[in-house]
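Shared between the two complexes below is subunit A, which has subunit B as its partner in the first and subunit C in the second.
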Partner chain A sequence: MLRIKLKRYLSQLAHPVFAIGISLVLGAIAIRIVGANPLEIYGIMLNGAFGNKYYILATLTRATPIIICGLGAAIAWSTRYMGIGGEGQMIVGGFVTSIFALYMPGPEWLILLAAILGSIAAGGVYSVFSGWLLRKFKMSLAITTLMLNYVALFVTYHFVANRFLDTTTTEGKLEQTKQISASLRFPQLFEGYPLHLGFIIAVILVFLLWFVMNKTTFGYEAKMSGFNRSFSDFGGINSKKIMYSVLFISGAICALAGTGEVLGTQYRYVHNMYVSASFAWIGLNAALISNYNPLGILVSSIILAGIQTGGSAIARSTSVPLEISAIIQGCITLFISAKIIISWKRNKKELKKEQIMNDETIEQNKLLNTGTTQDVLKRDTEELEDEVGA
Partner chain B sequence: MLLRMDNIVKKYGDLVANDKVNLTLNKGEILAVIGENGAGKTTLMKVLYGLEQPTSGTIVINGEEIQIKDANQAIKNGIGMVQQHFMLFETFNVTENIVYGKEPRKGVFFDLERAKRDVKKISQEYELPLDPERGIAGMPVGLRQRVEILKVLYQNSDIIIFDEPTAVLTPQEVKELLKTLKQLAKMGKSIIIITHKLYEVMSVADRAMVMRAGEVVADVRIEDTTAEELSFLMVGRHLIEQKIPEKEVGQVLLNVEDLCLADEHGSTILKDVNIHVKSGEIVGVAGVSGNGQTELVECLFGLRKAVTGSISLKEKNLFNKSVKFIRKAGISLVPEDRYIWGSAIEATLYESAIMGHYAKPEISSKGMISGKKAIEFTQQIIRDFGVKAETAEQTVGSLSGGNAQKLIVGREIKQDTPLLIVAEPTRGVDVGAMEAIHDKIIEKRMNGDGVLLVSSELSEIIKLSDRIYVMYEGEINGELFKETMDEEEIGVLMAGGRKHAEN
Partner chain C sequence: MDINSMYIAVVLNSTIRLMTPILFVALGSALCNRVFIFNIGLEGMMLTGAFFAIVANHYTGSVVLSLLAAMISSMLVAWVAGIFMVKFKGAMLVVGVSINVLMLGLTTFLMQILFGVKGAYVSNDLVSLPKVNVDFLAGAPFFQTLFGSLTYLDYFAFVVAIILYFYLFRTVSGFRLRSVGLNKIASESLGIKAERIQIATITFSGLLSGLGGSLLTMGGVTMFAQNITSGRGFIALAAGTLGSAHPLGVVLSSSFFGLAQSIGNTMQNTAVSSQLAMATPYAATILALALYNYLQIKRGANLDQ
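Up next, the complex of A and B:
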């Protein structure tokens, strides 16, 4: 039993390690093409990401929103609600937090509480809206969440530029709110280093989400609903409730990532602050790499953040451009998405094997009673479309 | 000799699906390939039809060794296959479906007139009457099969493979088909029929090839054998004819009155269905698949909302309630399709086994599931229901169909509800698993609970039921009792005929 478990964990690890490895090789080729020594560059990169206390803490700071967004994506994606609205949710969360922090009267603890709970509620409701569109109008979650990202970005932009603009700074013409008061900011974990309380929150969330997904009846219901919606309906699970809860939680978590950035690093809401750093997308990557396992997300987010901070170290100290890290990251994304296709194909293969063992089962006949090649092709594309459409 | 398959071996990884199989077929002969599920019949036919490549072995047609890489090559070599699940275009008519892939042309255009003439000609030649212009949509299964047969004949096949051709037919349609097979053989076609229904073999085949665990265990002429011998060869042991003990029936459990259901376009699926199940009784719902049985079960279990009528269990109203409510009220269900409704292929055995149980104190408390208790619970089902599994943590997809089904039956019987609905409990399950599942259903009845058994397998219904409803086109077309039931009569009712005796 233990061996089976161990084997399962190892086989889960194999893919991400492979994806990152191949990406590093391809990155090395790119480095070679611009005429530098890959090993040397990777050395600088590693040093820039984890070389000393400052670098490590900078990497962890960068990893913080990635981890949180990864968790937010994981709970929705593992239930097969594949939204890509993390960015919009972060924006909503961060914006709401900054407005509460700047304009709410009252004792500090109450302001802080309101800023965080307000962010959770706003991000959650905002995310649930996409779910409502899916249920009511059968609009693809991927499309609505993506579109709503822009809605969130520009609606907040309007408010920041026209209502809450900080007119006191001399920092050029940035569209940003005023700075929030020092007493409301997340404390730094080490004096003089950027790492803040948000990282601790991220780690707590990792364990909390792992617990919810693996140990509670809610997690079980969500997981089964993700595996097979008909099966969970048959078992008496209320899919509607699961969908809305999962989307709420997912949106709320991503909103917290936005809150963390506002209270922990920028101390204000700045237009485009999440978009340019693409935290939400890298977070989604981390979730995919680790197969939605919260602990895996913690690790892979740190690695992905390291590639970024390491990348800027290269740009600082050599002539190799910053884009190298973008290449590596792009490759990782590519190979991870390849995994989705591969595992989908493998599933089919396994089904085929099973077919031999019980060859009259209707379901398998549906899958495998192949007529002509055209039929197979037609069916394959249909299945793909179903998968993408869902 | 027309066809010879020599020493065919087909391996899937470690699994040997066909082990040195030899098959011969003469012109005008009907060969029945029989065996339990997983014996390797379908694999062998897939090799012959080019859907699978053999690991080793040769195929010889008319003394010439050939390679069959895909279905198109098989067709070119005169091999045709009538699939178990028909592959017809719903929106096309008979002619278009038959000539598809080999259309007669006039220049670059499709010559529809000639196509119609050709179809009419072969339909007359082989005495399979069919209107060439009739649309496929709405056509009964028996006729659809006829279209498939004509398609194969149109392709000039000399060897025609029938994969479980009678599985979806009414008894009357089966008779028609068997007649057709004999007719085709008389006209010089060679036929391979895959089946596990022995009376069909005895009535139509010239020779039977019996497969077990990937090997040929016998190849006998029909006049030299008996159905008993064949069944013994198939299973490797004698089957015991089951006698179901008497049981006094109790109060009415499930009561359904005037249940009506329509689909989203408003056309009727169920019309005024009135049925009831008492405690200590197995009630069968017979019928050809697709006559509303699936939808009836879905309504009873809250998976589908009915239009009007009433459903109650022990006088508690269950009409259009949620699945959760209905499960709580005391109904459990072994669903018709084990991978669509009954389990999740990617889930582990214990995850699938605790469905419907996970909220109970045996498994969880205060919203937290105990993994240990869930696994113990699953191991108990594995033991009690003879599921062949290594651990409770392997995936459902890694079990064979019969074992997955046993797990599902076990899970639902363990709900210990007053009423159990079982839909197609042994579809695609081998004989051993089938007996085990039947035993458990009978045991449930002996405990004084009620069972509603929905099955398109008539023999299963007759064997287990105390009372039978026959469904036809969404209506109950007759009710029969154990003492007076007669297979012939059920067949008539299943085909939409009227009951002649009582009414």
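Up next, the complex of A and C:
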């Protein structure tokens, strides 16, 4: 039993590992074209991502919004509501947070609470709007969320540039709000290092989402609804309610990622701050790599963030451009998407062998004659659940 | 000729110039829709074409070679995307998103290596697409403005739309293509090689995106900037859907987006906030799609995916 389970987990891991491996090879070719030594460059990259305490903490800081966005994308995508609105939701959330933090009077705890709840509400409602468009007008979620990203970007740009512009600083011509007061900022986890409270929130969210998706009725219903919409409707699951809840949660989580960046790293809303860093896209990539598994998102987000911080380290010290990390990332998701790769390796013979083995276990269970049906049933349900989860 | 009609001519002219890059890509998107492919990677393919047009331009200084480079490069990218979507059964959104991330990275990467610049590459040595001479319209200033400073490629976009219309609805091969989108299994049972048609269609949509991209970098301005497409591929995707994947419908929907952008641009010179003006085409897309789908649903069409 345990062996089968372990094997299953390992075979789940094999695909991402293979994808990352082949992407690194392709990245090496790109590096070679520039005329640098791939091993040396990857060495610098690894060092720049995880080489010392500062680099590790910088990578974790960068991973924070990616983890949160990945979770937001995962809950929607695993229910097969495949929106790409994470960016817009982050923008809305971050913007609302900064406005509350800057202009709301009252005690600090109340301001902070309002800023976070406001962000959650704004991101959630904004995300539900695209769901409403889907339900009412049958508009593809992918298209509406994409368009809404730009609407959110430019509408907040309008407010930042014309209403809330920081006119005190003379540095450059950045379109940004004023800085929020120091008492409202997320505390740093280590004195003098960038890592902030947002990372703890991200980790809590990971476990929270894992619990909700795997241990609650809601999570089960959502999974079922994603698995087969009409079947779950038939089974009495209210797919309309599920859709709106899932989209609200997804939007709210992504909005929190925006909040974290405002309160934790930038201390203000800067136009384009999320788009240029493409947190939401990378978060989506992290969700895809880990097959929507929250714990997997935590790990893959840190890896992806490492590729980015490592990429900046390369760009600082060598002639290889920063975009090498985008190339590697793009390749990883591209290869992750391909379902064939895994069945490639497992030829028919092996599959057959496995089938015979499974049959044998069933036979053995039958022969043992104690708790036979339960065992077989239990195994089958477990298998089914794993498939549903996948 | 009074001021007002000249103003209209200017707006219409800029509408045409803004719509044709979208039109090329939207036609590709429409074709993909016809074979049941949702190709979000068009953005990345358009960017590819835009970039390699400038690369070939930089090294050869030939318009024809630049266009060829744009078409071939984006076709290659589209072919890879097609293989992953159809042969490897990758989820279309995932493949598309990866293509977009990858090509944004790769074009910026190569721009730094080949041209040694960050952000944007401009040079006086670059040639732009030849413009159609409209001096013979000098007697009619309205039309002279309307058709002024358009390249041959701008006109070609409309020609492609008409050709595709005849191809899709008047030829056997076009009928086969549509049958794949209507019912892949049924069409396969009739001996149509559905997967091959799907991959070929995606590849061809790449070619069209390449042309659209080269219009961006060699049409009105001659330069390449990082992420110069900035969501035009996505708008084209919406245009393809809005035009109900019909080539002539796509011409209409693309002109709508061109007009929205053109009005947005003219609004930037007025009291209206330029940032809100930039949001107009995207908001208009949502409104137009909602209205279109609402009318479809009212007519009793089943839009469930």
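Quick note on the criterion: the second predicted complex is superposed on the first by the 338 of 390 C-alpha atoms of A that agree within 3 Å, B and C clash if a C-alpha of one lies under 4 Å from a C-alpha of the other, contacts with A are read in each partner's own complex, and residues count from 1 in each chain.
Just so we're on the same page, a residue touches a chain if its C-beta (ideal position, glycine included) is under 8 Å from a C-beta of that chain, and two chains touch if they have at least 3 such contacts.
These figures come from a predicted structure and were not determined experimentally.
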Partner chain(s) touched by A:K223 [first = subunit B, second = subunit C, both, neither]: first
Partner chain(s) touched by A:L133 [first = subunit B, second = subunit C, both, neither]: second
Contacts of A:K215 with subunit B and subunit C, given as first, second, both or neither: first
Touching partner for A:L288 - first (subunit B), second (subunit C), both, neither: second
Partner chain in contact with A:H158 - subunit B first, subunit C second, else both or neither: second
First, second, both or neither for A:G236, with subunit B first and subunit C second: first
Which superposed partner A:I143 touches (first subunit B, second subunit C, both, neither): second
Touching residues (chain side subunit B, partner subunit A) in the complex: 12-13, 15, 17, 37-38, 40-43, 51, 70-72, 83-85, 87, 101, 163-164, 167, 301, 303, 322-324, 326-327, 333, 335, 337-347, 351-352, 354-356, 358-359, 364, 367-369, 371, 391, 393-394, 397-398, 400-402, 427-430
Of all residues in subunit C, those that touch subunit A in their complex: 38, 40, 84, 87-91, 93-95, 97-106, 108-109, 112-113, 231, 234-235, 237-238, 241, 273, 275-276, 278-279, 282-283, 285-286, 289-290, 293-294, 297, 303-305
Partner subunit C, residues of subunit A touching it in the complex: 30, 33-34, 82, 84, 133, 136-140, 142-144, 146-148, 150-151, 153-155, 157-158, 161-162, 278, 281, 284-285, 288, 321, 323-327, 329-334, 336-341
List of subunit A residues in touch with subunit B within their complex: 1, 4-5, 215-220, 223-224, 227-228, 230-238, 347, 350-354, 356-366, 369-373, 375
